[in-house]
Amino acid sequence: MTDRRTYSYLGPAGTFTEAALDQVPEARGHHWKPVHNVGEALGDVLSGVSHAAMIAIENSVEGGVSTTLDALATQPGLRIVGEYLVNVNFVLVAAPGTTLDDVSVIAAHPVAYAQCHSWLGAHLPKHSHVPAASNVASAIGILDGSLPAQAAIAAPGIVQHHELEVLAEDIGDNANAQTRFVLVTRTTTPVPPTGADKTSLIVELPEDHAGALLELLEQFSTRGINLSLLQSRPIGDELGRYRFVLDADGHVYDERMADALLGIRRFSPRVVFLGSYPRADRKIVQYPERYADDVFVEARDWLRGLIGGEPEA
Amino acid sequence: MTDRRTYSYLGPAGTFTEAALDQVPEARGHHWKPVHNVGEALGDVLSGVSHAAMIAIENSVEGGVSTTLDALATQPGLRIVGEYLVNVNFVLVAAPGTTLDDVSVIAAHPVAYAQCHSWLGAHLPKHSHVPAASNVASAIGILDGSLPAQAAIAAPGIVQHHELEVLAEDIGDNANAQTRFVLVTRTTTPVPPTGADKTSLIVELPEDHAGALLELLEQFSTRGINLSLLQSRPIGDELGRYRFVLDADGHVYDERMADALLGIRRFSPRVVFLGSYPRADRKIVQYPERYADDVFVEARDWLRGLIGGEPEA
Amino acid sequence: MTDRRTYSYLGPAGTFTEAALDQVPEARGHHWKPVHNVGEALGDVLSGVSHAAMIAIENSVEGGVSTTLDALATQPGLRIVGEYLVNVNFVLVAAPGTTLDDVSVIAAHPVAYAQCHSWLGAHLPKHSHVPAASNVASAIGILDGSLPAQAAIAAPGIVQHHELEVLAEDIGDNANAQTRFVLVTRTTTPVPPTGADKTSLIVELPEDHAGALLELLEQFSTRGINLSLLQSRPIGDELGRYRFVLDADGHVYDERMADALLGIRRFSPRVVFLGSYPRADRKIVQYPERYADDVFVEARDWLRGLIGGEPEA
Amino acid sequence: MTDRRTYSYLGPAGTFTEAALDQVPEARGHHWKPVHNVGEALGDVLSGVSHAAMIAIENSVEGGVSTTLDALATQPGLRIVGEYLVNVNFVLVAAPGTTLDDVSVIAAHPVAYAQCHSWLGAHLPKHSHVPAASNVASAIGILDGSLPAQAAIAAPGIVQHHELEVLAEDIGDNANAQTRFVLVTRTTTPVPPTGADKTSLIVELPEDHAGALLELLEQFSTRGINLSLLQSRPIGDELGRYRFVLDADGHVYDERMADALLGIRRFSPRVVFLGSYPRADRKIVQYPERYADDVFVEARDWLRGLIGGEPEA
């Protein structure tokens, strides 16, 4: 197949990332390439190895996924073209024959581990933790002996791929936990607006912290735009310097969003536009009538008229 | 002289308005038409009888001149093209032979009367007041007997035009009093920017009062624009409904001012642009570097690039 | 009657101010003293001649009444204790036997004249105007010959006091015109709250104009307090310096209002508290639940607890 | 020694946390108890096992330390009483006799690993990574064979505790990297102010996200208070719900800070006051004169006077 495309995702098969990629109709029948981390996934896109990469961007326990946000902040040339939600729940798995009483060390990706805190405190109060590189790596590690643990935290789908026994189901602290994934390509024109869009940005603030963040937020509030994500991330050069990752309701083709972006660009030393794309929940964006496109167009016509010396109607 | 132009001003000769018109080089050698009130002056401009009219717009005792502000707010088709300051001081005059002891009733224009309150309280505590239509009318009225008063408050120049005796000089309460005048023509393209410009507007607020005024002020403060005048005026239909007259530092050709005007137009049910014109004091407008024209231009280029799908430099 | 009190008002009998005083139950049966101007009325109060004075503070054509606002701003020791609304309408009156055709000159107080502009333009397009000191003075002036006019603009009640003929009724431009009056005493404790109160202030702004006004308005908006009046008045020392007269919904005994007053006092070089008193319309003040008194009390208790080192409940 | 106190810290000996505890004069000569994680350290404090615990709260690569912030947000009864900075730099260590050429797998705590990204890319491009539970655990793991790696990333002090050879020094990407630690006790009265203090809070926002954060920031900016840390943390129940961790310049005994806390308490559904304590850098807090304590006191006196009916001075 000549136009067969490659999609990179955090593998191996069985991860939540694979479940997200499964939601992309355009990806079906194409080549899915499992990678080891977000950096590799985005590298595939930038080098042209892959057409797109599916990466986790926010989860309900850890918030914005640090490595993803930092990679998007520092690697130019990428654009988000789609958003996908995956319900997150966890099982405790072990090699066949293992019982809960045998478990003293648990292998788990740190984020997954953090999401099972209550269950572990109640059922295995004396366990210790060995960190693993992914939810799948934790499971494989206990099978091949590369991780010194008797049990692993993994996604329920893991048992379809590996010979493992489920010691406990639904061990996550939050039954409604979700992870939000985005599909990323090389920089391209924005996905056409659907009315149910969001726009993602990363913004560095000028010098003074508090006042500058206020000003950033006002760029949205004064144009009737809601934010669904605001995440601070250290810039990394010294303590106390932060950049902000934002998801704003609406599309860059909306007049109010374009106007907000202009305002932000004027005051920020660095803005990364990550893309405008359809929301996973397909909820139509609501905004006050006074920020509608035609209000912006009418104001420009008025200004043009008065500069041209036309008497008012 | 074929291109002889007419300038209307609040006459007769000897008023402060005439002193303002005297500051306009282009008006020299043209026809100066004295009129009886601001409405007549602006009517001359709108009907084409006059090329321009000189009218008082703000003084240090009464603030914005109500009749001027209301006329500008309600009569479309006018534009301010220049600003002029006149030092205001007053004399008490009477028919020759009169002494201060003879004075029990004083004729004065209400604004002039208000500006001499302290002197009158100290020197003529028992006087009563007869209002006159102008500073000159008060003086003429005591000469021709049409006003039942023994003395009049007038501008010092009055004695060059009429046979009057000065009973007291410098009777104004404020030695630094000034009145600000504007030259008004029919709607035309804005006067070219000089770097020392102001822009005058009249803005009606949508429904809710306090929040809407906050928003109006923020349209300027968020673009580094200072206001040198903010005057409330009742709209006149019911108690508590106000419009606002504003002078903002800068020219409509400045990017930040144009952007502020767009913002105001979008939220106000009615904006009257009165003009951008050189300040009387020729003071160069200062503003933060971040609101310079090239910052606005660069932001637009950036936005155009990202919509076009160009990778960042 | 030993405890007979004196109330000063802008006389003579028949003025709108008298109609306002007529609305004060406590004033009935006491001595009503007509005075010639606002300054005299407030002087009566300060000197102890009068218990209280009724003065006009805002009308729908001129906005805040300049002389009243300036007197309240500069004379310490006064407090507003009540508010009263009077419907304002005008009649054209003349000596018995006069017809409309006989009228070429009209005597009128300038504010009343301004409010009848449309009717006069339609019915007496060629009239000229003689200014009078009050609505009653205009009528008396045409009777005793002291004003050279054939007709006068006055309040309808004028015919109960003087032998005059009504040539036309309801000649005001605005059928809903009202004037707002306040009853003023010497400084005293605030009138007890009724739930339908307003608080009047005069505030001078520190140096910079636009930003400081923004900050003043935010002191109210950030505590859920609406403003029903915001009027600029020149301070009078130089062009461009303004103070602001405000009416805010609520009583100084409300926690949110007291907190706003503290905030204003901290940033303003000069605040005049004119009083908290029942609104003329008796409308109960609405405010968001989050600004209720108990929210303020609870926060203080919390702060006291944490400073005291108490563990949270 | 009867009054010997216990201090818990993330051990074992040789960690950066121990270096922080080393900066506390009051801790010298007392018992230092190494623990395995932040939860254990805080548990020791709450249960009374320890007098205080030293925990990392912010580093220049990862920002706020998630587990610390989440523990402080959810466990009532704790208070920060001191702040300490530790310069963070890393060495690559191995068992004696190992050379850089022998290294293909590196053991490292994920945060330390992330901070050495550049050096590793340049000098060991083909390495793979085994995560360890702490900087010390990584070193021990290569000695006792529990981690399948030939070298470990650790703090320089590690060689004082273990027989290790330094393969490379200063391998961190950022020469100025620091970690900020806090000393935490059970709830107590605040540490007395020094003039160089900070106040730490955790605040949950009411419903709407963007507007509420604006309002939170304004509580500080409108009282002249700077923020040195603003970190979002997911509340954990669903996507998009965040709490904010803040460090504000000043002490709860400062009037402006107390007033800001009252404002925050009134609007936030949940505020955790973590403490006011001396800044690690001992920098005196600067603030505009208008927010000085006496300005607050004077305003309260003024309000009391006007409620009492006293005439102004």
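Details
Note that the chains take the letters A, B, C and D in the order they are written out, and that residue 1 is the start of every chain.
Criterion: a residue touches a chain if its C-beta (ideal position, glycine included) is under 8 Å from a C-beta of that chain, and two chains touch if they have at least 3 such contacts.
Given the structure is predicted, the values throughout are model-derived calculations rather than measurements.
Where touching is counted per the definition, chain A and chain D have no chain in common. Between chain A and chain C, the least number of touching-chain steps is 2. Rounded to whole angstrom, the centroid-to-centroid distance between chain A and chain B, based on C-alpha atoms, equals 57 Å. Chain centres here are Cα means. That of chain B falls 26 Å from that of chain C.
With each centre defined as the average position of its C-alpha atoms, the distance from chain B to chain D rounds to 59 Å. Residue positions of chain B with contacts to 2 or more other chains are 218. Here the chains touching each other pair up as A-B, A-D, B-C, C-D. Note for the complex: chain D touches chain C at residues 76-77, 186-190, 215, 218, 222, 252-253, 258, 261-263, 265-267, 271-273, 290-291, 295-296, 298-300, 302-303, 306-312.
By the touch rule above, chain C contacts chain B in their complex via residues 36, 58-64, 66-67, 85, 110, 129, 131-133, 146, 148, 173-174, 176, 178, 180, 208-211, 213-214, 217-218, 220-221, 226-234, 236-242.
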